[in-house]
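You will see subunit A twice below: alongside subunit B first, and alongside subunit C after that.
This part shows the complex of A and B:
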């Protein structure tokens, strides 16, 4: 029995600045920097390769500046990649384009939008990036549904209330803008919005960072339950090993834009191999 | 991947687990590349329906062996051959992480010495969860079976809906055992499961384990008590401190 990954990322690289041929060879954990000393460019991530399997939660952990958020932003086409490839196992895209065995980063921006709208969802650390704060919560969800080609207003309203219920937002507050909500509620509206198009892949970028612990606990429980209910494939980016331990089965450890270690989460925590992972694990409170 | 599988399948005897020259070395970079030996030159086989005990003094690497089989530790050398249902014959020391996850999901269970509490989940849900996720039971069915098992393990009914974080050590450990055995894994690794239990609870756990073995679960276990070990195990593999130094 062979399990086919739902997402396959190869040699993902993002350089801010002009870049030079020496960039990859003068940055990274062994040089303890991600600024190239030859051209001054910032190598946000380089040579990042991994697979995401159906139904799994994969963690990406690292300190700030390690490139972990860069990776999810690139996967979501928020930024242009400098180089690299991404392949998705085609299970849902119907009709318009055949993306089997195609490098998604090489598609047109129209096609990238289509892919993003039909099978990706993202939740940012900062709800201002993921939500329109002045538009009602229901409207935020509807906006995404419209992008995914929904047209019936009644159906969109039903879907929005279903999702808000799932994410524990009182449905009667559906017509209020997220600006009125607390941080934890805003995060849950973001999750509802990200789930609205039934994505195959959900990207969570530090979703509980900055929330107080009881609110953080509710958001984490919500993610755990959603994953069990709808069997999503999720990438969780966090600097918090507690979050990684609770949610994930496999983890990528990043430092200065590079992957230093990939492994089973319990192996990363109990038998870390790379010197940086050992420091990270031993630094836990 | 071409695997030359070393198992010999003879009359009625089927080897399901074969460990060849397993070794584990920890390289602690943050302590100036200090090297700690976990276990060395470990070889044994376990046949269908067998319970293999591992004995040896504290620090000899008994738990290390179990953690290598479960892949919580990455083995440094040697092979761990396992005749799985999911992928047929595999070397647990070398297969990809996602395959290990698949095997842990469907075949290989592990009982630790302590319950690693899942926060904000009630005792009964902790025990019912594997049935829901692994065996595809309905929520009602899973809860009923979880309740029955907890009852057999003498957990008072009033605690079923409470969070085990507040339980006594012995109660937590019984929840831990219930969660590990309820889904009937094909290979069960036991790391001193009864260390924090009183005599009566230990007897119940032993009975449950015997039932599982008679139903065909393969077991490799460490017990803090040699008498228990003699009682449970079909064969005993001894690890010595001497072999390591």
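This part shows the complex of A and C:
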């Protein structure tokens, strides 16, 4: 039986600046830069193509500035793509639009928001990006439910306490703003918020960076358990090979905005092919 | 004929027609006017025409805020200039005008605005809701049910219902365009979590025609249900903020509410007006400084008078 990918990304490109026809041919790992010498534009990512399968955890590694966070932001429609296509398969959306076989980047911003609300969740490295710090934690979760047209306070509060329990936040602190919480707790509220609309695809952008080791382990455990429980497809962005090894089956290695290697995580870590991956793996402490 | 020529020709004709209309109006008003130096109904014909076009657009898109070029008036902006410009643009000599401020015909602002309009537009005034053809109001909708042939003009200080939650105009316009109202609902959720009920007393946000969230101007919650499927045309003008919007007759206007936290109007707990005895009107509370005793009066003074004289009009809700 052939497994159909849930998400199909083709030739994703993001250029900051005016861009010129020479941009793709004067940046990348061969040139060791992502600044185009002809026009000065920054090629944040170029020609990135991959598939994500149902229930799979896909890793994206690379050094700082390699374009891994750019990819996640583009998938979540936070930024406009310069060019590229994204397709989802076998996905039903509540509402009127049929999105199968359609390039999601070409839809209107209203439709993009609906897609994001109905089957995507994102957790940012910085909780300030993903949470409203002045609004209660329960309210943060309710916001996503409101977007999905929930209009009962009692039902929203039930769902919020269920999620907070799952992410190990004491339910009695539900009406406190995340501002009052520690970094690890804020990250877990973010995860609860991202899960509230039962997403099919979860995007994790450096979720454990900046947390201390024991909290890191708890957050990673949580993600693994949740994935097993609700069969999520997850894209994990990290510069930490430990996180990648622990969570993912398949990994993409990026450098200067390009994919330099893609394959099974074990293979990439044990037998890296690309010179950059070899350096990356050997410099792991 | 080529399209371009046709348009040019039509515009030319329109201009001639418009100019002659203006001239005719100007001649007429010169004869009629006791004062010279301004046009009939104070604003020049071109500006009134622009405001009428914006009104038509507002009526065509219920609840949508149409920007307009707010004109200078002999009163300061923020004192009812939005409502005044709408009234000036739609009024004719055969109209009968009523002006109220917080329901009262006799307050200083209402009296001054009424004097100004009646002088420059030469219209008769009244305090009877039933008799008026145009009612300009601040912060209230009359108690008596208004008819199809009447227009209510509301003065609006802050036209943007989303301003409570979003300071950026660019962002609120995007939110309206995409019907992205989750933040407004979140605000109400937080309110309920904090206070166990929605604490918005006036300017209660409403959903118009299932599409736009709109600010009903600072009317009390008591008046919000009167906007729903009304017989009357409601026009809203914000002079300082340069916005016009409208609710045409028989439009769905729903206050934002949750399934388990419904919108509710003010409860006067059985108190009645000490003057006319009404128990089914919006009451002003008056506290005696010396004794601390609380008494109540109808906020709609015209209606209160009518009840006293024993010739009350038709209520809402019966």
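The working rule: the second predicted complex is superposed on the first by the 283 of 285 C-alpha atoms of A that agree within 3 Å, B and C clash if a C-alpha of one lies under 4 Å from a C-alpha of the other, contacts with A are read in each partner's own complex, and residues count from 1 in each chain.
The rule is short, and it goes like this: a residue touches a chain if its C-beta (ideal position, glycine included) is under 8 Å from a C-beta of that chain, and two chains touch if they have at least 3 such contacts.
Source: prediction; values computed, not measured.
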- Please indicate which partner A:205 is in contact with in the superposed arrangement: first for subunit B, second for subunit C, both, or neither. neither
- Message: I'd like to know which partner A:261 touches here: subunit B for first, subunit C for second, both or neither.
- Response: neither
- Query: Does subunit B (first) or subunit C (second) touch A:273, or do both, or does neither?
  - Reply: first
- Is A:142 in contact with subunit B, with subunit C, with both, or with neither (first, second, both, neither)? second
- Which partner, once the models are overlaid, touches more of subunit A's residues, subunit C or subunit B? B
- Query: Touching A:53, do we find subunit B (first), subunit C (second), both, or neither?
  - Reply: first
- Query: So, does A:175 touch the first partner subunit B, the second partner subunit C, both, or neither?
  - Reply: second
- Quick one: which bits of subunit B touch subunit A in the complex? Just the residue numbers, please. 26-30, 67, 71-74, 86-87, 97-102, 118-120, 133
- Note on the structure: Seen from subunit A, its contact residues with subunit B in the complex are 1, 3, 51, 53, 56, 217, 221, 228, 246, 249-250, 262-264, 266-267, 270-271, 273-275, 278-279, 282
- Message: Which stretch or stretches of subunit C touch subunit A in the complex?
- Response: 178-180, 182-183, 185-186, 189-190, 192-194, 258-261
- Enumerate the contact residues on subunit A facing subunit C in the complex. 109-110, 113, 132, 135-136, 138-139, 142-143, 146-147, 151-154, 156, 175
